[in-house]
Amino acid sequence: MNDHSTVMGSGAPGGREQAVVPDKPKNPFGQFLRKFSKQKLSLIAGIFIVMLFLVAIFAPFLTPYNPDTPNYDKMMAGPSADHWAGTDEYGRDILSRLIVGARLSLAVSLSSVFIAAVIGTILGLLSGFYGKWLDRLIMRGSDVLFSFPDILLAIGIVAILGPGLLNVVIAVAVFGIPSFARMIRSVTLSVKETLFVEAARSIGAKDSRIIWRHIFPETVPSVIVNLTMKIGTAILAASSLSFLGMGAKPTEPDWGAMLSMGRDYLSIAPHVVYFPGVAIFLTVLAFNLLGDGLRDALDPKMKN
Amino acid sequence: MNTPLIEVKGLHKSFVVKKGFLGESKYVRAVDGISFAIRKGETFSLVGESGCGKSTTGRLVTRLLKPNEGEVWFNGQNISAYNDNQMRPVRKEMQMVFQDPYASLNPRMKVKDIVSEPLLIHTKMSSRERDKFATELLEVVGLSSYHAERHAHEFSGGQRQRIGIARALSVRPSLIVADEPVSALDVSIQSQVLNLLQDLQEEYGLTYLFISHDLSVVEHISDRIGVMYLGALVETAGKDALYDRPLHPYTQALLSSVPVADPSQKKERIILKGDIPSPVNPPSGCRFHTRCPSCMDICKQIQPVFQEVEPDHRVACHLYDETIMGKDGVHIN
Amino acid sequence: SSNNNNAAGSENGSSPSSSASAPSESGAAPSKNGNNPVIAVNANFITLDPHNTSDTLSITGARTMYEGLMGFDDNMQVVPVLAESYEISEDGLVYTFKLKQNIKFHDGTDFNSEAVKVNIERILDEKNNLRFRKSFAKVSKIETPDAATVVFTLSEPYNAFLNKLAMGLMISPAALTEFGTDISKHPSGTGPFKFKEWVEGDRLVVEKNPDYWQQGLPKVDSVTFKPVPENGSRIAMLKTGEADFIYPMPTEQVAEVEGDGNIVVDKIDSTIVRYITLNTMKKPYDDLKVRQAINYAIDKDAYLKVVKSGLGAKLDSTMSSKTQFYSQQPAYDYDVEKAKQLLSEAGYPDGFDAEIWGENDSESVKGMQFIKQQLELVGIKLEVKSMEGATLSDQINTPATPADAKIQMWFVSWSPSSNDADGATRGLFSSTMFPPAGSNTAYYKNDNVDKWIEDANKATDPETAKTIFADIQKQIWADAPWAFLGVDQVISGKRNNIEGVTVLPDGSINILKAEVK
Amino acid sequence: MGRYALQRLIGIVPLLFIVSVLVFMFIHLIPGDPARLIAGKEATLEEINQTRVLLGLDQPLWKQYLSYMKDMFQGDLGNSIRSGLPVTEMMKSRFLPTLWLTLLSMAWAVVIGVVIGIVSAVKRNKWPDYAGMLIAISGISIPGFWLGLVLIQIFSVQLGWFPTGGIDSWKSYVLPSLTLGAGIMSMIARFSRSSMLETMREDYIRTARAKGLMEFVVVGRHALRNSLIQVVTIAGLQFGFLLGGSVMVETVFSIPGLGRMLVDSISFRDYTVIQAELLLFAAEFILINLVVDLLYGVLNPKIRYADN
Amino acid sequence: MTANKLLEVDGLKTEFKRDGGSITAVDGVNFHINKGEVLGLVGESGCGKSVTSLSIMRLLKDTPGKISGGAVRFEGSDLTKLKESDMRRIRGKDMAMIFQEPMTSLNPVLRIGKQLEEPIRLHLGYNRKKAREHAIQTLKLVGIPRAEELVDDYPHQLSGGMRQRVMIAMAMSCHPKLIIADEPTTALDVTIQAQILDLMRRLKEEKDMGMLLITHDLGVVAEMCDRVVVMYAGRVVEEASVKDLFEQPQHPYTKGLIRSVPKLRQNVRRLESISGNVPDLSRMPAGCKFAPRCPFVMEKCLSAEPDLVAVEGRTDRKSRCWLTQIDERGGETVHEYSAD
């Protein structure tokens, strides 16, 4: 028996190491999925959102009625077998409008948040990386933006640019920028101090490479988390704009517009506001839950 | 003795530290007048306690930091005033290995990309060539080619440090600055990495600036050693000279503080009083006088000169200053 | 979701002006506010300087404390108030007023002819840049032969002058000297109520003037006006009794509160007309057939039902039936086929793409959506552009010439401030009134109409004026520069223990006879 | 600390200057002609022009700005274009309601938010955690105006507990501040939960337990204060949100506050008022953040004693 | 001997929930500490030293960890069975702990004095004034100058060495019978480490406490300890007196460890090293956990895990290796060591 005792990894310096790295590479995405799937609420929220997207994409095939066709004989009828969510002040089918509205509400909030994220991230990266006057400029700028109540900023922007979908998107985007910029800046500041950035510098990497290849990927989880959370805020902001009469197009079935137009009927035909209200609530809730889940799954500090 | 590969003359570096509430800026004199030279093929080590400026020195040498004062000569060029673009070709010649193998590798990059990143920057190799080169390098440092596709976080500390070393080697530098390359590693792993560093030095004729706080490790790997205290060198000497005849009281205390892994060997210990002063307000005179067991009046007022008292053995201490101590001086060993 | 505890249900009131459910008087819940009723309105008071108001609400506020030589009755007819009687010269240039005697301003000084002169001169002084200057621009001379007589001499005949005088309220000259431009914060008139406090944005409180010249009035100790911009909140206040009277009553909720025994809803036809201007100088609206087609394509009954919750009347002239010199016109009855036919004849068998502008308040937005739905049926694809008011006004008034104008259709309303026919015509249809000079956004130009407007103003005889205005209305109606929609009702809600608060057709509130039971 | 505060205060000046330029440009960029809006719809062109001259709006923009700044340095914010009332006076009466509203909203939002956060963190992944987070997330998922209207329906119309609006007594503030604070409460609840969780993982919490301390002492004395330090920062940033939210809440609850005044003045292009108010908002926001920073120092000895 | 036993850890097993499954961080650890004795616990990072100490103190709250077996007898009573409130009475009073990180183990927002007074008032029932005096006394005991002023400082105002002294004072303040020190000097510089070790040695002798000293530094072990327990991958692999351990290490891991540490003035060209890495707890090899790295590995090692048995018939000398068992006993069944 003793003869068989082999010397594995005889301690030769620089000798190869085996069996330490697992055979199957640990896929970071797989790991993330595993962690995420344990967050049950977030998982449900994620599924809800996926379904919402499907609804939005296939809206034209799903609506039981033409969402724009009025029926003046059936105005503000409560929920019934024909109209699950009742009809609105023109006798249009609310369910159909909600379905089509998902499109618009998602489009507005997603695109505005996306724009805000892109610009905010770039500003945050530059501000955090270069510091000094650039940082001061960007941060003071975002202070100013922050100090303007966001709604007012949006009112101003819509007033300047005129109403319309794109302008609402821009308005909502603008007041999302500072929060991204600040957050990314602080991540950048801490990543900038990490050894691997110093290592990149020490091998002669250019700033652009350091920012793009080394710092930016580190900010992605925060961006994603903030993005999901901000989508909720953006839906609400867009609906607040509608409340102040500055929403998207009044003729389009945007949820916020439905809610704000319907508020005059709150006491006589509550379903007119109830359903869009619930749609907004659930969607915002879902995005926030998703964001929470993503944060936990993406945050290396949250192990369990 | 051939010409030094790197020579550092009177380096100073201070950092502004905003002390928050009162908004006053103060300065940390992280490196305060350091001179040394490293010859080709030699291992020069810097030792000293935490915060004494070892890493800062390393970063000044590699020009990751610009000195406030003083010069860094590398291969006969004064690189202290180079800008980023001028530095880039020089960086090919000097690479770094960092203390923390966990933090110094980008967790989101594949090993082959980490290892070949310097090639991407400094050479015109195609990505195929780079990958091939990277796998070869991995073999050199004792990893396998199949590790190339993995991410850094899948490796253990010792393996990561090997990846870091492979990265440093990729552009065939002449100087490697290793900032505490083994202090984050377990003892059983530490020796693997130390051996690897030694092997590579032999094979590629590398010059090392080795930074560590572990006197035993330093003794093992170095040819010459500099002992730092509060931003300044207090003693430099060849290994044997330093360990056999430490001159500076701080070096002596340091050496005697190292716990010995041998219960039979009970040695006399110099236990210093007090804590390491803050580099924000370093003591006047000799920086060490607040803790020095043989402190004299003069030490409190006048900063001793860093001078050669024996061939290739320099020390900054009034005890060896002939003008003060008289010709014979006083040696406490 | 309403507190329908009161068993007394109500059929729709047969009375044309009030749909009170008329519960027994004794069943009325006592007012929460005692003898100090609270009136919730939808906007803020801007100023209490009666010569510088341009919004109806500020006029309401001013009229609680101030009176003019003339005034409006509940039907917006001009009646003497501080004037005992008046005479107009044959040529329509000299107006002689006898003033009532023994009337005192709130500060104790006398009301007399001198006071009238001081007031009119204040209005006319260019330095003051008061909004009423234009109304009195034709006054060339003002004389006070004695304390009880005032004589106005006009530079040319102006048959709306009495209406304008009804707007010109009298301020105590002593107060004017004392407070100057600050008079807005220290009102002192002859009215039934005295100023108590004005917290800008929160409330205006006026208290009973014990020395009021009309015996037995006012009957309440004070009245508080509260701006409550949100419809839902205003009606909630009425329900809870925090407010005794609200105006405007949101049309959407009328049906609901009509079942509430504690609440009475009053509706009367107003002088507010709703219409869409069609840019007659722009293709395709330059074609009469297109304009007529649009008029035929809109179902006015549906408009009232959908947009106005059934409250209001169809617009059957260029002005409301309550306005001076109104003359009814034959209706453009809803007829989709005819509309399509007219469009074909005009060369648009498949309709066309069009754009409608309007403000972003919910009423306009709702209205424009409705119009879009209607025009769609005849093939006109309408894009609705709702804009914030000031932006819209800028869009309309920036182009200097009709050729530059971008405006196609404008969903809008109008009410003449002093309810005179001139005010309901000149600014809207005279070719001198193209934007930016005036509100003729239809860019309507008819030489006859231009001339008639001038003639009518100068007509000294009301009957002559009336015929001229009938011609004007007929011509414009036939030319259809507007799509005529409806006449609003002014709708107010009150607790059933409040009496005597009325809303005039122009939307101003009269609290002179307010009474709590 | 005094000197630091002073320095920071002085630092506000250039920032306000930038803000003033931006605000000035911003509001003049918004289309709309105050002269026309003020003169009324029946006004003649001549009247409108005269009004414009009277308001100085015919001057080039930079001249308008200079004269505005000149007046401002003399403490004169001008008169409202629309009503002619002095802007300072208008703001004075509008300031208190908004201040109360924001402070009350902030107060309950912080207290409840922190309590929910702590309970959720301590009972992590148990039902109180889920309940707390559901409440918290609901707070940000409901549009403010909608919540306000529903609260009025329930608590004013149905139950008659609170007035529908106004500023007549403390009761008037209950529903508006509930509405306004809901969003912030949620933010704070979520934030304090995560910062509490983070704190509970700290080494010194283990130290505290190793001393044999009761759990509530560990949470209350050792964890709470450390996590509050972070909560304060977030709360400060939320003030901007409050000021914005007040626009809506003041409209729904008929509160004569700054927010409503701003919306009104924007719709009338009442430049002087908008300008003054936006400057006030900016100053307020900056001041609050200064206070937050100071508070941060008070709570965090590391900063307080940084001078050694 | 039993009467002398202060603490007895018997088959302690602690598991962590992780990603659905669970890992056993501490697996059947046995050792004891006598009164007045310093027991060293050495091993590489992640081998379970800290978890062992936290399990003894039952401080695993808020971690996914749980004691799943074994007993911890302190003066005869099993701590794992105590109610939390009773355990609280022991923590800080009879058994105190010093943690590795002096920088983070003190609450940054509470004054030093306040943090020191907490256990004193709780366990000794002193009033505030008396507790403060006692705190100052203890601070002086651990060699802190100006203790009266220092109690009003905040932790960040102190250097690392001072903070560690405060931690020691805190642990000492209620005169515990046992101190568990988890790498008390790892974060400190050598000269400061020398001060602290010197202090701890003195205090231990004065107060006659038992001490569990956790470290990975063999040098520290050699200087401080009476006996040593070596851990590898959650298990005890060797137990010996300090002298025996360094002179005749039994387990191949211990041997490798001792030899791979560079020693001053030793002058070897190459260091010995143990190849390979510490195994991941979630994918542990069957058989001896050290087998994959062991230069003397045999077939048996790969399939069966050896027990911790007495070496050469000595009760104070144990090793967990087939080699020692086979070599010494010629392959016979060996006498198994049992704790009782």
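The chains carry the letters A, B, C, D and E, assigned in the order they are written, with residues numbered from 1 in each.
Note that a contact is a pair of C-beta atoms (placed from the backbone, for glycine too) under 8 Å apart; a residue touches a chain by one contact, two chains touch by 3 or more.
Predicted, not measured: the structure shown is a model, and the values here were computed from it.
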item	value
Chains in simultaneous contact with subunit A and subunit C	D
Pair sharing more residue contacts (C-beta pairs) when A-B is set against C-D	C-D
Where subunit A and subunit D are represented by their mean Cα positions, the distance between them in whole Å	24
Whole-Å separation of chain centres (CA-atom averages), subunit D against subunit E	53
Whole-Å separation of chain centres (CA-atom averages), subunit B against subunit E	32
Subunit D: positions in contact with at least two other chains	30-32, 149, 153, 308
Subunit B, residues touching no fewer than two other chains	156, 158-159, 192, 195
Subunit A: positions in contact with at least two other chains	13, 15, 17, 20, 22, 155, 159, 260, 263, 266-267
In the complex with subunit C, residue positions of subunit D that touch it	30-34, 36-45, 47-48, 50-51, 54, 82-85, 90, 93-94, 97, 149, 152-153, 156-158, 160, 163-167, 251-254, 256-257, 260-261, 264, 267-269
Residue numbers on subunit C that touch subunit D, as the complex places them	1-3, 40, 44, 46-47, 49, 52, 54, 126, 129, 131, 133-134, 181, 184-185, 199-202, 226-230, 232-233, 236-237, 239-240, 242, 388-391, 393-395, 397, 414, 417, 423, 427, 436-439
List of subunit B residues in touch with subunit E within their complex	49-50, 156, 158-159, 186-192, 194-195, 198, 213, 215-217, 219-220, 243-244, 253-264, 269, 271-272, 275-276, 291
For the subunit A and subunit D complex, residues of the former touching the latter	41, 140, 143-144, 146-152, 155-156, 159-160, 232-233, 236, 239-240, 243-244, 256, 259-260, 263, 266-267, 273, 277, 280-282, 284-285, 288-289, 292, 301
Subunit E contact footprint on subunit D (complex, rising order)	200-214, 217, 221-222, 225-226, 229, 299-302, 305, 308
